[in-house]
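Below is one structure, written out as structure tokens; comments come after it.
The letters A, B, C, D and E name the chains in turn, as written, and every chain counts its residues from 1.
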Amino acid sequence: MFKNTGCLSSIEYSSLMPDEDRLNEGPVAIIECPEHIPCNPCQQACPRGAIQPFQKITDLPVIQFDLCNGCGNCISVCPGLAIYVIEKNYTPDTSLMKIPYEMLPIPEKNDICDILSREGSVIGRGRVERVQKYAFNPKGRVVWVEIPKKLYKEARNVRMVKE
Amino acid sequence: MNLKDDNTIVCRCADVTLGEIKEAIRKGYTTLDEIKRLTRAGMGQCQGKTCRNLLLQIIANELHISPTDVELSRLRPPSVTIPLELLAKEDANEN
Amino acid sequence: MKTKAAVVVIGGGVIGTAIAYELTLRGVRDIVLVEKNTLFSGATARCGAGVRQQWGTEMNLRLSIGSVKRYETLAEELDYPHGIEFSQTGYFMPVYTEKQRQQFEKNVSLQRKFGLDVQYLQPEECRSIVPIVSLDGLLGATYYDKDGYLSPFHTTAAYAEAAKRNGVCIEKNTEVLGFTMEKETIRSVKTNRGDISCDCVVNAAGGWSQEIAQMAHVTLPLFSERHQILVTEPIEPLFRPMVMSFTHGFYTQQEPNGAILMGVGDPHEPKGYNMDHSYHFLHTVASLVTSVLPAVGKARVVRQWSGLYNISPDKAPILGLPKEVNNMFLAVGFSGHGFMVAPMVSEMIAQMITNEELSIPEARTQLDLGRYDRGERIVEPSVV
Amino acid sequence: MRIEKHPILEFKEKKKVSFFLDGKPVQGFEGEPIAVALFEQGYKNINESLVYHRPRGIFCCIGNCSSCLMKVDGIPNVRTCTKRIEEGMQVETQKREP
Amino acid sequence: MKQNCDVLIVGAGPAGLCAASVFVNTNVQVVVIERDPFLGGQLLKQTHMFFGSKEQYAGTRGFAISDILKESVLQAKNIHIFTETVAAGYYPEDGFMLAIEQDQTLHRIGFKKVIVATGASEKALIFENNDLPGIFGAGAVQTLMNMYGVAPGKEVIMVGSGNIGLIVSYQLLQAGISVKCIIEAAPVIGGYFVHAAKIRRLQIPIYTQTTIRKAIGTDSLEGVEIVSLDEKWQSIPGTERIESCDTLCLAVGLCPMSELLSQMQCETKYVPELGGSVAIRNHRMQCTNKDVYIAGDVAGIEEASSAMLEGYIAGVSIAEDLQIATPKHLVLRENSVEFLKAMRSGPIGEKICSGLKKVEESHV
């Protein structure tokens, strides 16, 4: 299915997410990398060993949600920008999404942004909470965005609305 | 591949069209060398770097064979163009 | 593939295809032409494609004049709509030594006897014909505006397609491996795709003709020798005629699309079948041609290649039967100028096979293989 | 058109170089190939094809094809997608014979 | 100019640079010729991070990898690098490679062994008006945009959804250029899902089973006519539609640049899985002409990471021929062979492996 559209369907992405209990517990990384690409930086980047060791470099990354604390180290190393973090219960009304971001304009704290689905449709508005930078990846940014809680499954990207 | 429009340019160095190439193939000239010699496709300034693969595809398509079964031609030097005056200047015996 | 034919023609170059066509004009239709590679893949594909009539012997003059006449209307005759791209832009042959001048003047008076309006140009007149020629050491030039060049590929294709329409079977990728002989007669031709029994064989195998002859135990006094050519990218028109210098050993011509083609003979080239490309050639031809035509130096070489001259002792063709075999007609030994005489040669080979009088009756005794045994040669003073 | 801002790459300000296209003054940045500088100045169509005189511009941009050939300082058929501009350089389009 | 060296390396992309790095700290005289003014080949035009493992700089952006690779090689006194120098041809009788520097200087380079790491050229596509200005190869778009900071246009349609089509679309968006859509003749997206997902969530549609019929415009591109295809790859009448755009980017595949190999009498074979004509080679990356080695895309179209590994393998194999290989060299090769094998082990490597089977000799 995703080979035809370039998007995971709701069934496909739901199957990659932890269950509701885990989502309710705290931030967690979700890896949308279904194709056996020969690639392993995510596994090496996880300080908690939450991404299962690879037998072969072409193994699919499998994340043990109970070991993940949603730190987001894996986000910044993933060449495919395939990993993001969701903290469902950021506030009573909002969730927090941490995503890799490589577009202009460069986001800053409190910037307002459109929230985009996997198909790129605008599904709501969000607010930049924090912009993380990493020394080893000077131009890559991980953006923390506060989003309406109802979008915690559909949201996957943002677009800055500022000039 | 849309092979219908015969005016489509296949070899852009010499403006050789798809129609000319199909015509050559239809007449029984089915190797890269024959087509090159008759139509000039691939004989131009880029020496087939742009159209060689297209020619292979067209031959395979027209003959209903796999491109792997099309006879390849030998590629002659130079791989890039060289001004004659440079070649003339260079002393072939200098060490 | 047919297993029986009246005539098997060996060689799918211009000579072989033209002979096949000429035979069909004379009522011989049961012909198989075998070519070990594809049509126009040997010397024909690699030649400089010039046709000149400025020769120094009667035989060469008659061969070339007759051929040019035929080429002028050949596309119509063969019903080849694309045309054979015959372009009569002349041959310009510069003179650099006194000895050469004397020879060229002699040639011109002979050529004029044959009705060719060849001009002998004084140094100051040369630039009206070739504006970019260097006057350095130039003593004059001969020029004939009805010489020219044509596409060897389309010419061969035109002959081949006409022959095919007239019933000739053309078998590509068919290599001759030997002959079945009965005394002095070839009974069949063995090929990699089966045998073809036949009444007679034509050996038009170009650079490989001595090897084919050897299969019938005929030793030809021929050898093959690599000659190289390069072509440049198209540039603005610089000169019209073929420029051919015996002093430097090169010939060069600008095609209608602007590309400049050039070749040079190498006196140290060993005999053999080497068809690789050399840098030595690239350097030599570039130096020589730019010394005579400096403006050509701006052009860029786009490709170089080589082909085989099939060289005879007097650099003139060998036509007809050898004494050892009574049905292998030779059309060999063209020594680098087979393409320009193909129409006349093919006509005469067909005439020999059908027992007609030859268009040049003297060819029977002047161009036969036996001439070398008899100590007679065509002494052509003007070959590169 | 120049890309002014880029999230990943930095395009450093470079020295301007002036040269001529068919006699008209044009500008580019130092180190830039002729065709790139011309394209940036809005000249997309810089060559014409050999037989049908079709407009041609940059195609491969690495010196492989024949789309961008121009006459440069009197030298014909220069691959302008790789030949870099120089101050005062004379670049001409190659009009083919009709 | 005439000169001799022990090892000639043609091409300073990832494969050539890695091959050259094998000879750092040896006495082997190496000449590297590179046709671009810079080293790193296509890596330099890549803004995205690379896949692979740490050893192949996974997670590092392409242009940064090229900086790392050239660093060691540039310092070595025995490695002579000529940029803006193109290999023009190999002349067996004269015994050298002819190269031309900046269109002004000829080099005749004699060598004992040569590594051909010439990479690939882009494939073209047949459709009406395919030669209009405004129609580019994807590589040209990358060169304009990422090397020179020049926008190829305002509104782009991308042809081809392989990795290059997807990556270049993403790069266009990064440069602030609008990408109208990606069209793909096949029913599925050719490239990695993760690359496709990146641009899909930026609202760029990918139309599969769609092809280009013709380009529209007089002096330059103004639009294209596209059409849907059925499962037999035939146009569906009535589905033709015109999309305006000023730029069409062709990302329809790469083809190994094997001219030099053909000139050096290396046996070659047309292998569609590897992109075109490639040389027969053994596991040391040695061709049928035993003085010739290959590495990178010229050996078959793959990723930069495999190019690097093949470069190490070819380099060490030559070091072995020259009898200067150290145990460290041999370990490097062993590891590279293992890495390559591992990288090709998944479903994505299947095509490459089936292609390689056709050109890999079993004997040395």
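As a working rule, contacts are C-beta pairs under 8 Å (C-beta built on N, C-alpha and C of every residue); 3 or more make two chains touch, one makes a residue touch a chain.
Quantities reported herein were computed from a predicted structural model and do not represent experimental measurements.
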item	value
Touching both subunit C and subunit D (chains)	B, E
Number of steps on the shortest touching-chain route linking subunit D and subunit E	1
Chain occupying the most central position, where position means C-alpha average	B
Interface with the most contact pairs, given as the two chains involved	A-E
Chain whose average C-alpha position is farthest from subunit E's own	C
Euclidean distance of C-alpha centroids - subunit B vs subunit D, Å	26
Intercentroid distance (Cα basis), subunit C paired with subunit A, Å	74
Centre-of-Cα separation between subunit E and subunit B, whole angstrom	22
Chain centre separation (subunit C, subunit E; CA means) in Å	44
Sequence positions of subunit D contacting 2 or more other chains	5-8, 49-51, 54, 56, 59-60, 63-64, 67, 69, 75, 77
Residues of subunit A whose C-beta touches two or more other chains	102-104, 139
Multi-partner residues of subunit C (each touching 2 or more other chains)	233-234, 257, 277, 279-280, 298-300
Pairs of chains in contact (touch as defined earlier), listed by label	A-D, A-E, B-C, B-D, B-E, C-D, C-E, D-E
Subunit B - residues contacting subunit E, complex	1-3, 5, 7-10, 12, 18, 47, 49-54, 56-58, 66-68, 70, 72, 74-80, 82-83, 86-87, 90, 92, 94-95
Of all residues in subunit E, those that touch subunit D in their complex	35-37, 47, 61, 63, 86, 103, 121-122, 131-137, 139-140, 143-146, 148-151, 154, 174-176, 218-220
Partner subunit D, residues of subunit A touching it in the complex	102-104, 106, 139
Contact footprint of subunit E on subunit C as seen in their complex	276-280
Interface residues, subunit D side, partner subunit A - complex	5-8
